[in-house]
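Next come the structures, one after another.
Look at the two complexes coming up: subunit A is in both, with subunit B in one and subunit C in the other.
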Partner chain A sequence: MAIKHKSKGVSLRQKQGVWGFIFLLPWLLGFLLFFARPMWETISYAFSEVTITFYGIYSTFVGMENFRRALFIDQFFNMYMITLAFPTLVIVVIVVIFSLLAAILINGKYFGRGIVRAVFFIPIIMGANIAVAVTAGGDVVSQAAGMGMNFGGFSQYFLIEALAGTGMPPALISYVLQALSEIFSVLAQSGVPILIFLAGLQSIPTSMYEVAKIEGSTQYETFWKVTLPMISPMILLSTVYTITDLFRRHSMAGPFIPRVATDGVSPVPLLEYIRYVGFGTHNDFGLASAMSLMYIVASLVVIVVVTWVMSKAVFYYD
Partner chain B sequence: MTKRINTARALRKSQSFAVSAFRFILIICLMYMILYPLLRMIAEAIVHPHVLGSVGSLWIPAMATTDNFVVAWHVMNYLPSLGFTTLVMAAIMLLQILNASLAGYAFSRLRFKGINILFALVLVGIVVPNQVLFLPQSIMFRHYDFFGILSSIEGTGFANALRFHIPIPGRDPWYPFGWLINGPWNLLGDARTMFVMAGLGQGLAGGIFIYIFRQFFRGLPKELEEAAYVDGAGVIRTFFTIAMPMSKPAILTVGTLSFIWNWNDSFFQSVFDPRHLYMRMRITHLNSPGGGGTTIMQQAINQVQANLPDSIVTLTTPIYDASIINVANLLSVLPLIILFLLIQRQFVEGVERSGIVG
Partner chain C sequence: MITVAVKNKRNVFKKGKDGRSVMGSLGLFLFLSLLAAVFFFPIFFMLNRAFMPLAELLRFPPLIIVRNPTFDHFFSVSTFFNTTLVPFTRYLFNTAFIVTVGVFGQILFASMAAFPLAKYDFAGDSIMSKMIVVALMVSPAVTAVPAYLIMSYLRLIDTPFAIILPTFGATLGLYLMKNFMTVVPSSLIEAAHIDGANEFTCLFRVVMPAVKPAFITLFILSFQVMWGATGGQVIYTEELKPLSAALNQIAATASIARAGDMMVVSLIMFIIPLILFIFMQTQVLETMATSGMKE
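On to the complex of A and B.
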C-alpha cells in the first residue's frame, strides 16, 4: 500500500504547497493587477512625457527629464524631500516612547481598568484627521475668541518662561515645545502602538518577574533587565508601523507634516501636492510619477535603514 | 527587631501607596488629554448659535441646545447615509477578513518554495502608500477590462486592449448593444470597485491584515490541524472547520480595525467612489467652498430648511458652518464609539491573544 501511495508522487507537503498557492491566488491577483501594474506604469511614466487624452494615455520617452525638473526646477518638491525625514523621525521617537510608557501605565490590575483601557483606545476610533482638526487651535471657539493666539499658544508662552528659567539649552527647549505642541497628534497616533505594547507586556511570562523579585532586583532594574529586552521586538514593530503610518498620512492633516502653500493660501502636504501636479493646473502626470517614485524610494530607504539599525538591538527570547 | 520590620513594612506600604496614587493621577491626566478632542467637539456641539464663539461658552454653554444636531442630522441625510455606509463597510470588512485569513494561512501553514519572496512583497505593499498608485489604479477602473476580453469582443483585438479605450457612439459598431460588450466598463463611482480592491487584498491596510493573520496562525498549535489531516480532512475543510473557528481573536481584531479604518478613511472613497452616500464624502462635500456667494453648507441648509422645525435657529456665518461640520463629524464617529464601547473588551483581549506581537 505504502509503495503504491508513494508512486503517486504527491506528499502531503506538496499538496499543502499547491493549496497554499490557491489560497494566495486572490491576493496575488490583486497584487499583480492593482499594485505591480500601477507600479510599473508609474515607473514608466516617470521617464516619459505623458499626455492624457479622451482616447487614452500617450507617452514619449524623455529619460531623466522629469526627475531633473522635480529636483531642480519645481519650487516645492525638494523642500518637501528635505523636510520629509527629520520631523517624521522626531515624532516617531516621541510616539513610541509615549506609547511604551502609556502601555506600562495602564497594564496590570487596578480599579477602573476597563474604563481606562476604553479611553486609551479612543484614538484608534477617532481617526487622526478628525482629532487633529479639532485640536490644532482651529476650533470654533478659539477662532471666534480672536485672541491673536489660540489657547495652545497662550499656555506655551508660560511654558517657555518656565523652561527658560530652569536654564535648559534653547535647542532642548524648542524640542520640548515642538513635542508639546504636537501632543495631540502624538496621542492620535499612539492608539495602535499602545495596543501592540500592551499585547507585548501581556506575553511576558510572569515567572520572569518572580525570578527578578526573588533575586532582589528593584522595579527600576526589572524594567531595564526584563521588560525592555522582552518588549524590544514590539518596539521595532511599532516603530515601523508608526513610520509607515506617517508616510501614508502625508496626504492628511497634521501639524508635524511639512506643508507648503502651493497657491500661496492653503498649505498642502506632499502627497496632496503630487496629486495637484498630476491633476491640477499643471496636469503633468510624468512629473507627478517621478515625484511619487522618489517618494516611495525615500520612504523605503528610511524604513529599511531604521529596521536594520534597530534589529541589531532587538532581543528575541526564543 | 519586630519593630524595625514593622517600620520597614509601613514604609514600603506608604511608598506603594504613593506610587499608585501618582500612577492614578498620571492616568487621569492622560485620559483628559486623549478625551480632549472629543470633549471639545461635544462642548462645541451643544452651544446655541446665538452664543456661538463667545468665551463664556468655552466648556459649558451659556445657552445649551440640541438644534445643531437636528440641523446636522438633516443636512447629512443621516439615517440613509448611516445605513449605506454601514452596509458597504461591513461588506468590505468581510472581504478583507476572507482574503487576509486565506493569505495569512498560506503564509504560515501552506508553505511552498518561494513563498518568502511573496511575503516580502506583502511587506512592500504595506510600506508603499496607496496615494502614489491611485492614478493608474483609477484609470484601470475607469476602463475596466478583464485582461482585454471585453475589448476583443468588440473587435478591436488584443493589441488594442492594452491601450485604454472608450467606445464612442457612431464610431464603435457594438455601441447600441449596451454596457455588456461595449468595450471596457467604467467601474469608478461604484462600490464594487472598493469591493474588488478589498477582496483582492489591496484595500485599506490589506497587507497589515495579512500580517496579523500570519502571526496568529503561526502561534497556533499545529497538532489539531495535523489530527484533521490524519483523519482524512482536506486542506479547505481543515481551514474552515479547524483553523478559522480557532482564530476568533484574529478575526475580531482584523474585523474591528478594518471596519473602523475604512469608516474613517476618505482616500479610497474619494478616488474610487466619491458619492455623497458615504458619511465621510458628504462631510468633505459640505466642507468644501461653494460658488455664487454661498457655501455648500448654506445651500444644503437651505435645501432642508422646509424639513426643519420652525423653532430652530440657523445662521449664515462661516463660524456657524464650521460648528455644523463639527457636529456632523461627531455624528459620523458616534456609531463607531458605540460599537467600540460594546466590543472593546473582546477587542483588547483579542489583540492580546492574536499574537500580533509574536
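On to the complex of A and C.
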C-alpha cells in the first residue's frame, strides 16, 4: 500500500486506521463481550476466594493463595503440567505431516480421485465433529459420531483377536495396538489442518508450476522448491492450530493426552480435572481459575517458542 | 486449470521420471490403501450398526457387518418425533435459523475484521493480532461462567442468539481468514483502489474471491459448530431447541435397549454434513488460484 490517495487531508495510515476500525468493529464487539470480559472475570477469580450462592457469586481477594495451592498442595496439577509439552509436540509433528500428505492427495488430479477425495474427506468431518464437542460444550451426538467413543474398543478387540491368532507375542500386540490408537487420534486431529492445507494448495499460482515444468524440474523437485515454500505459512498456521487444539481439548481420549484420576477410578485429561475442581464436589472456582490460567500461560509459551522458531523458515510470497 | 499434483496416485503406476522404483510405488500404493481403509472404517462401522437388529448389536464377539438388516431403529426414531410435544419441523426450523444466521454472520464479521489486520497498517494492529493467538488458546470452559452471566444480563439466555452471537466474536475464523488474506498480493488491492474501489468493494469484490478456499473452509467449520450445537446450557424452552438437542435426548438417554437408535442418531448427525461437504469440496478444490496478477 505505497500509493497515496490525494486531497483528503488525512494520511494513508490514518485513513487505513479509520477503515480498519470500522471493519473490525462488529467482531471486536463480540470479542470484548463474549471473550475479553469473561476472561477478565476469570483472571480476577483466580486471585480470589470464590463462593457461589443462590443469590450470586461473591469473591474476596486472596492474592496468590490459589496459585500456591495449585502448585504446592494439589496432588495432580504439577505432574500434569510437567508431562504436558513433549507428547503434545510429538503428535503435532505427526498430525501436520499427515495432513499435508492427505491434502496433497485430495488436491491431486488423477484417475479415481473421486473415491480418494471422498475417503480422505472423512477425517475433516470427524475432526470438526470433535471440535464441535469442545466448542459447544460437549454434546453426546457428535462425540458418538466422532471417533474413539464407540468403535475404538471394537477395533481393538478385533485386532487383539486377529493378532493373537497369528501367534504374535503379547508384548508386540500391545505395541501394535498403541500404534493403531495413535492413528485414530491423529486422524481425529487432522481435519482442520487438512482443510487449511487444501486451501493453501489452492492458492498457489498455477503459473509457478508451469514455470517449474518448463524448466524441466521433476515432481520431486517441484514439491521441495515450489509447493513446500509456498505452503510454509500454512504449515505454521496448522501447527499453531494443532497445538492450541490439543491444549484446549478436554474431552478427547487419546494415548498422547496424559490423564489424572479424580476419584481414583476414571482417569481424565487435565482440563476435565480443572472442571471437576471448579464445578465438582470441591466447587472451588477460584482454584480452578488459577489452574486454567497457568495452563493457558504454559501453552502460550509453547506457541510463542514454536512460532518464533518456525517463522524463521516461513516464506511469504508478496 | 493445470494443477500439478505432486506425489499423486498416478505416479504409482508410472515409473521412471521421478525415479521411484516399482517396488517403492507398490509400497506407497499399499500404504495409501491401508490409510484409506482406516479412514473409511468408522463410516462403514456406523452404517452397518445402524441397520443391525438389537440381537446382533449386542452380540459379544461384536459384529462389523450386518447379517439381517432392519429399519427398526429408523422407525423407532421417527416414532419418537411423532410423540414429542414439539413437532419435528420446529426443531428443523430452529436448526436452519441458527445455522444460516450463525454461519453467514461469522464469515462476514471474520473476513471484515481480518482484512484490515492482514493488509492495513494502523495503530494497534500488531497487538490485536497477538491477542487473537492468545484467545485461540483459551478453552471455552474457562470463560463459561462469566460468559453466561453476561448473556443473562443481555437477556440472551433462552433465545437462539445465545448460540449465535458468541460465535461472531470467535477467533478461529478470524485467524484463518487473516492468514489467507496476508498471502493475497497487496498490488491487487492497490490496483482496485486506483480504479476507484472503496473499501467494501475492495474486500468483497477483490479480496474475498481471492481467498475463496479459505472462506469455504470457514463455512465448513462453522457449519459443523452450528449443526452440532445443542444449546444445552443456554436454551431451556423446548420450542427453541435445535434438532441436535432433540436427537441428543435420544442419544443421551440411550440405554442398552436403545443402542440401535443411538447409532441411527449418530448416522443422521454425521451423514448430513458429509453430503453437504462432498458437494462443497468442489468449491474448495475447483477455485481459481491467486490469479489476476501479471508481473
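Note that in this section the second predicted complex is superposed on the first by the 231 of 318 C-alpha atoms of A that agree within 3 Å, B and C clash if a C-alpha of one lies under 4 Å from a C-alpha of the other, contacts with A are read in each partner's own complex, and residues count from 1 in each chain.
Following the convention adopted for this analysis, a residue touches a chain if its C-beta (ideal position, glycine included) is under 8 Å from a C-beta of that chain, and two chains touch if they have at least 3 such contacts.
In this text, all values refer to a predicted model and were calculated from it rather than measured experimentally.
Of the two partners subunit B and subunit C, more residues of subunit A are touched by C.
Contact with subunit C, but none with subunit B, is seen for A:Tyr316 once the two complexes are overlaid on the shared chain. In the superposed model, A:Tyr209 lies in contact with subunit C only, and not with subunit B. Legend: residue contacts after superposition of the two complexes on their common chain; A:Thr218 is shown touching subunit C, with no touch to subunit B.
Applying the stated contact rule after C-alpha superposition, one finds that A:Asn107 touches subunit C and leaves subunit B untouched.
Of the two partner chains placed around the shared chain by superposition, neither subunit B nor subunit C is touched by A:Gly167.
Put simply, subunit A uses residues 16-17, 19-21, 23-24, 26-31, 33-35, 37-39, 41-42, 57, 105-106, 110, 116-126, 129, 131, 133-135, 139-141, 144-145, 183-184, 187, 195-196, 198-200, 202-203, 233-234, 237, 241, 244, 247-248, 250, 271, 274-275, 285, 292, 296, 299-300, 303 to touch subunit B in one complex and subunit C in the other. Of all the residues in subunit C, the ones that touch subunit A in their complex are 1-11, 17-19, 32, 36, 38-43, 45-46, 61-62, 64, 108-110, 112-113, 115-117, 119-123, 125, 128, 133-147, 149-151, 154, 165-172, 174-176, 179-180, 182-183, 185-186, 189-190, 193-194, 199, 203, 210-211, 213-214, 216-217, 220-221, 224-225, 227-230, 232-233, 244, 247-248, 251-252, 262, 265-267, 269-270, 273-274, 277-278, 281, 284-285, 287, 289-291, 293.
Listed in rising order, the residues of subunit A touching subunit B in the complex are 12, 15-21, 23-24, 26-31, 33-35, 37-39, 41-42, 54-57, 102, 105-106, 110, 114, 116-127, 129-131, 133-135, 139-141, 143-145, 183-184, 187-188, 195-196, 198-200, 202-203, 233-234, 237, 241, 244, 247-248, 250-251, 271, 274-275, 278, 285, 288, 292-293, 295-296, 299-300, 303.
On the side of subunit B, the complex with subunit A involves touching residues 20, 23-24, 26-27, 30-31, 33-38, 40-41, 44, 47, 52-55, 57-58, 99, 102-103, 105-107, 109-113, 115, 118, 121-122, 124-133, 135-137, 139-140, 163-166, 197, 199-202, 206, 208, 210, 229, 235-236, 239, 257, 260, 264-267, 319, 322-323, 326, 329, 333, 336-337, 340-341, 344-345, 347-348, 351-352, 354-358.
Here subunit A touches subunit C in the complex through residues 1-3, 5, 13, 16-17, 19-24, 26-35, 37-42, 57, 101, 104-113, 116-126, 128-129, 131-137, 139-142, 144-145, 147, 150-151, 154-155, 157-158, 161, 183-184, 187, 192, 195-196, 198-200, 202-206, 209-210, 212-213, 218-220, 222-223, 227, 233-234, 237, 240-241, 244, 247-248, 250, 271, 274-275, 285, 289, 292, 296, 299-300, 303, 307, 316-318, going by the rule given at the top.
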